[in-house]
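Got a structure for you, written out below as structure tokens; questions coming shortly.
Letters A, B, C, D, E and F name the chains as they come in the text, with residue numbers starting at 1 for each one.
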Amino acid sequence: MKRRWTLSTKALTVVGLAALVALVLPSAGFAQDEAPEFLSQQNGNVMWTLIAAILVMFMQAGFAMVETGLTRAKNAGNILMKNMFDFSAGSVAFFLVGFALMFGDDIGGFVGFSNFGLSEANTADADGLWGYTFWFFQCVFAATAVTIVSGAIAERTKFVSYLFLSFLVTAVVYPISGHWIWGGGWLSQLETPMIDFAGSTVVHSVGGWIAMAGALVLGPRIGKYTKDGVARAIPGHNLPLVALGVFILWFGWFGFNPGSTTAANGNIGLIAVTTNLAAAMAALAAMCTAWLRYGKPDVSMSLNGVLAGLVAITAGCANVSPMGALIIGFGAGILVVLSIEFLDKVLKIDDPVGAISVHGVCGAFGTLCVGLFASPDFGGTAGLFYGGGLSQLITQIIGVGAVFVWSFGAGLVLFALLKITVGIRVTAEEELKGLDLTEHGSEAYSGFQIFITE
Amino acid sequence: MKRRWTLSTKALTVVGLAALVALVLPSAGFAQDEAPEFLSQQNGNVMWTLIAAILVMFMQAGFAMVETGLTRAKNAGNILMKNMFDFSAGSVAFFLVGFALMFGDDIGGFVGFSNFGLSEANTADADGLWGYTFWFFQCVFAATAVTIVSGAIAERTKFVSYLFLSFLVTAVVYPISGHWIWGGGWLSQLETPMIDFAGSTVVHSVGGWIAMAGALVLGPRIGKYTKDGVARAIPGHNLPLVALGVFILWFGWFGFNPGSTTAANGNIGLIAVTTNLAAAMAALAAMCTAWLRYGKPDVSMSLNGVLAGLVAITAGCANVSPMGALIIGFGAGILVVLSIEFLDKVLKIDDPVGAISVHGVCGAFGTLCVGLFASPDFGGTAGLFYGGGLSQLITQIIGVGAVFVWSFGAGLVLFALLKITVGIRVTAEEELKGLDLTEHGSEAYSGFQIFITE
Amino acid sequence: MKRRWTLSTKALTVVGLAALVALVLPSAGFAQDEAPEFLSQQNGNVMWTLIAAILVMFMQAGFAMVETGLTRAKNAGNILMKNMFDFSAGSVAFFLVGFALMFGDDIGGFVGFSNFGLSEANTADADGLWGYTFWFFQCVFAATAVTIVSGAIAERTKFVSYLFLSFLVTAVVYPISGHWIWGGGWLSQLETPMIDFAGSTVVHSVGGWIAMAGALVLGPRIGKYTKDGVARAIPGHNLPLVALGVFILWFGWFGFNPGSTTAANGNIGLIAVTTNLAAAMAALAAMCTAWLRYGKPDVSMSLNGVLAGLVAITAGCANVSPMGALIIGFGAGILVVLSIEFLDKVLKIDDPVGAISVHGVCGAFGTLCVGLFASPDFGGTAGLFYGGGLSQLITQIIGVGAVFVWSFGAGLVLFALLKITVGIRVTAEEELKGLDLTEHGSEAYSGFQIFITE
Amino acid sequence: MKLIIAYFRPEQLNAVKQALYAKGVHSMSATNIAGSGRQKGYTETYRGVMIEVNLLKKVRLEVAVKDEKVTETMDAISAGAQTGKEGDGMIFVLDIADARRIRTGETGEMVFG
Amino acid sequence: MKLIIAYFRPEQLNAVKQALYAKGVHSMSATNIAGSGRQKGYTETYRGVMIEVNLLKKVRLEVAVKDEKVTETMDAISAGAQTGKEGDGMIFVLDIADARRIRTGETGEMVFG
Amino acid sequence: MKLIIAYFRPEQLNAVKQALYAKGVHSMSATNIAGSGRQKGYTETYRGVMIEVNLLKKVRLEVAVKDEKVTETMDAISAGAQTGKEGDGMIFVLDIADARRIRTGETGEMVFG
């Protein structure tokens, strides 16, 4: 037992994992003193994919902070709970059901159906073990989709019905459209298969459109619109949280996009470059757009710009050049500001954090952009502007449209069902007093003097 | 110097590390133009273990946020300082002394004793270098154990005596029981060696039991119990910080558990799966338990549920199936709520953040569960429910009991010693005014109107 | 399409990256069923460097939190925006111009000049792809340098002029001195080339000295000095944010320093050890210094100590022993307290967050220490105390001096130029009301009662 | 001159403000308080422990007006603040002995000019 | 009718509340203030620089009562708030000219009914 | 005895405090309020939507003094608070019927002793 601390594999002797590890590592038998010399590509992939998944998992904190910061202090505990528990409920739902529908054996291009509860995974060899890593990676993606919804329906939705919603979305809605694109379903079987590398559509648009359905069915918060329908501002209560959340999301996105190789390839750095440039450019574009329109660089709008750029580049992050990324980011930055205004003032959909515009609209925009900007040098496919003709663009349009119909439709159905069963909206009195006190019996900032006048 | 930016090893030429690196990499000699083709397993292990250690280090921020958020605004600066400085003091203590006692040459199964100040580490070859990585990994674990204590004794402990405490715990108390299980000591020498893969007992229970000793010796905060001994609530002041902290801990736990392979194996993703499922399930279970008992889903209790699940799965994360993880999480979620109530109302131990229940109680629970749920397919060992008989369970019980006696006992002695020397409790006046003003001369939220009435 | 979920490379089939990946991986051709067995060193380097870069990127959040917490609530939104947009503008600037000046073909040892907009990067082979990863790594370093400035000039600087500044610093100032040391310029061509492994000077001092130029040109905040020149305290408004920021920075620094190998070597763990020990020791030293001087362990000063240690060890993190790291940290911890006082009370430079002392002064200190403490066992170079004579120290002094002259000078010129063009300082009325309301039209903490009396 | 002090529900502040504006009263000062009255507080549990919240969040509004405006002002406040449920609050009226506008130095009833 | 305004230490609020409840006084309004009086402030250092804190955190409690309850109420507040050390605070009593309960519209002493 | 209530700009609090100290007035209580008066609020946009801010942040200062100190005290406040621009604020003076120092139990004008 001497010098145990120099051994690299505490697990080996302590836990008796030896047998297992032997199976895991490519070179069959090995003793401690003649350890395998090289790291297998498979285990390299596991490492990278796991690290990326961990980063994506942390995006939950980012969403929680952004959504909390952009709503009012009296609902802070509630929105935090929603963000914590959509991940909890979602993880379980995706384990039991969702993953099977998304990546199980394909049925007619529409849905998968096998491997419920990871029943097909095994620890017998490296391939079997890979299945667990892959599940975890997909699980945090699913959780991302559902957490988008909480922001748009914040400050008025019953906690219990949101719990049901997150379970159902992660178990059924998200996996089905996900199957179409990533699970071998019909959109990946088209002659020119749809490209959505890391999920502008699969993850973000789905979340955004369900959010839109929810915001529509719920109606606006009390006081959001005057009697004559003029939009009023309900400022968020904590900008440092918002900025922190945006930084966390930006950080986690480097797992989201580069990690979507699910392999320790050489191009993960390149994907980080396009991701970062799009975000930076979108931030600048959103800020300037807000500045031009409102005379001042609005903080929360500018921060939304970062997210808009990240969402938009997600589909094409492995298929466009850095220049292409700058352009996509530029477009997304402008678009998000206009979209937020349009939803707020024209459609009169009350989305406290801008989730519909950021994730739904910019997700669709980014997915379409792949049809325009895909560069053969970067991902092997040519978009319209790179001489690839219209075929890719057409597939992207079909994909964006089909996913909109599915997720917005499913969202409407789910919210309607919840409305007539458990109910989706808190009472007016609860809304006025705040959901923290009425739904959870606690204050988020005990002791602080807060002027809650609406 | 042309195209320097395409070279992957800036260090090589700039810093003249060539000689060193040559030793580090497995393939003996290499020049810049004929770089080694493959990454050695050893360096893969270094990379993974280091990344995991970095994630675990970040858990310090999680603890700081949770503990700060669950206590009162007037003590926020103090608790932040305690969390920053137990890591600082602990790092130094573990470097000079602790690591030597934990992983040094074994003396009678009780303690290690060699390699003080990493005197035996060397940079001569890959194995020597591994020693540094391994130290860093163990150091952040030691720091985790000690930082658990600060929460349970918050809002009334003298800063200076807490500094001494963290030094002593990291230098002596934690390493000794750690040696028994991980360092080659008697618990790892039993016929059926104890299984505590990532430290439910080694790290969390030790921290929890020392915390309990501290809370007992210190007594409750002023105002926590009425004259007739009825518990009163002292709400935490910042729930967004608590939620952020829990997310950070959840995030860091993916270094804590999967990283405990200290090797870039194929099963790190599997460990992440069990870890995540247990946390998610425990969160749901704790929330429902609180909902049933108190009529509302208490925010801070639900968040404690996440941590309870994470602590409980830590021992068996590499030895149980995903289903097993769900069950362990479920149990931990219920247990943590009942335990918090029991400590608060029956034992009347004032633990502002629930550290004793989360880390002590659920750590013990999780360690015992390995004896029940260990599945041969996953870690090579069979627990009671998988036909392995009682032997593993008995070892686990012995281990849990021995570590309780050691750490709780050592905790009592340390706190008693500190009490009669530097003193451990601030004066009543200081406690009322808040430790920020009286111990640090500053306010955590300068300018904010805070209603501090107790 | 069956069992797609067991494939490790979703990208391969879905996105048709096959061709690209084939080029990326060292072993020429491979089909899906006979995947390459081992991870190439090049792709291992890409993975490690990318992960490190992601950690460094997250330091942006750390800076944002520290700077926000140490200033007043009325300027919180503004400082957050500055931190978000220096990274955004900086990323674009470094892409278009900065990287080319820093790592382009050397012109007379003074500046690089090629590869604007990554025009020379390519995706044809692993080396080409490496260029993108390397750019991203360098980009987040550049962004670190510029974000240091915002803290020192906080609460009084016009947002628009700060935007211009960050663009110019990232495009021109930082790359030029960076070229001297890292890009093959004159300081790396000296007989004994300068050692600044991870950038105490290249990154931190440059940021610190530009910050000093800015603070000088701007003058102190209203109310910082009484009429007779006595310094007054303007307490920061949110210590939990400060502590969180410091933890985030500490976390990110494990990307900053160990990542600067830009290779998956065996010594990255060793670098983490020196980094951590220096930070811990500096924290203790700063706290004790503050305690001795002011009678109480000042929170924000102690936290600055952590950063001082991290900055100081950055230059020599791969060249000194753990013991050396403890000593360097100890020195930096004392130095930072004295330096902050000196700047504040003697030089009367108003630096709200201590950026000049932490990054400028301790960066210079740490760089010089390499000349003293470099240990041949660790980085192959011997400093004065390890029998290496004066030559390394002399180079370090030359480097520190040259970079001071360059960056402080360039800073003065830039701020002067901005002053006579767009203007750098907000009006007194704007300053009193707060930059959030006047520059962005929003409040950071809407609803909170905040006593803003200065 | 009278100083009217009113305590009422925070969420009614907007309605009260509008009602006062309608009567031409534009000058006022609001602050938030914690109050108890007829409306009993409530009990909650926090981490399983009962917590008595018997000071509820209210708004306190001060409006100084000329004597002849007092009734009108009280009526406006009542109208804006009333919901009919316990906890609607109170209005108290105090005599002002003297007044001064800081900017101009005007005193007495002139300050309301 | 009188309006009793008391300033005292925040940590005494509970004791004061209990003392008032004991006398049957349940209606009150509390707010936090920053005050100075006999009790001098203190000086601290922040980042090495002196900072004079001469406004200390206090609670301000307003209790409107019928004339006959005034002394009793003041006594209760005194009893709850007194610690004997500098900084215990002050009680001031003002005349209330008129009162109204918003919910019911009752006026005058009726509001305390 | 009079209770002087003054509303003014937060950033003038230091100046007012100094002016009062200069006159030997050391006892006072400050709180922050949201007020409207002559000075109109402003409109902002938040996420593209107009937002009317018509309650501005002000400080409310209470100073209880002996009758003979009233004018002096008002002058000091005015001097410290005046900037000459709209929004400088108001001073109101109320009669104090009774007073008590909690620590000592002194009453009446004695409390200012």
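The definition used in the following text is that a contact is a pair of C-beta atoms (placed from the backbone, for glycine too) under 8 Å apart; a residue touches a chain by one contact, two chains touch by 3 or more.
These numbers were taken from a predicted model, which means no experiment stands behind them.
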Contact steps required, at the very least, to link subunit B with subunit F come to 2
So which chains are sitting against subunit B and subunit D at once? A, E
Per the touch definition, the chains contacting both subunit E and subunit F are C, D
For copies subunit B and subunit C, work out whether under half or over half of the interface numbers are shared, and give different or same accordingly. different
Can you spot which of A-F, C-F or A-D is a repeat of the B-D interface, where more than half the contact pairs line up? A-F
What is the distance, in whole Å, between the centres of subunit A and subunit C, each centre taken as the mean of its C-alpha atoms? 29
Suppose each chain is reduced to the average of its Cα coordinates; what separation in Å results between subunit D and subunit E? 18
Indicate the residues of subunit B shared as contacts by at least two other chains. 38-39, 42-44, 47, 49, 51, 130, 134-135, 235, 238, 244, 294-296, 298, 300, 441-442, 445, 448-452
In subunit F, residues with contacts to at least two other chains: 31-32, 34, 44-46, 94-95
Going by the touch rule stated at the top, which chains touch which? A-B, A-C, A-D, A-F, B-C, B-D, B-E, C-E, C-F, D-E, D-F, E-F
Sort out for me which residues of subunit A touch subunit C in the complex. 26, 38-49, 51, 55, 72-73, 99, 103, 105-106, 115, 120, 127-128, 130-131, 134-135, 138, 182-184, 188, 193, 195, 197, 235-240, 242-244, 246-248, 250-251, 254-255, 258, 260-270, 272-273, 276-277, 279-281, 283-284, 287, 294-300, 302-303, 306, 318-319, 322-323, 326, 377-381, 445, 448-452
Subunit F - residues contacting subunit E, complex: 1, 3, 17, 26-31, 62, 64, 94-103, 105, 111
Which residues of subunit A touch subunit D in their complex? 432, 437, 441-442, 449-454
Please give the residue numbers of subunit A that touch subunit B in the complex, ascending. 1-6, 8-12, 14-21, 24-25, 35-39, 42-44, 46-47, 49-51, 53-54, 57-58, 60-61, 64-65, 68-69, 76-77, 80-81, 83-85, 87-92, 95, 117-118, 122-123, 126, 129-130, 132-136, 139, 159, 238, 241, 244, 436, 439-449
Can you name the residues of subunit D that touch subunit B in the complex? 34, 44-51
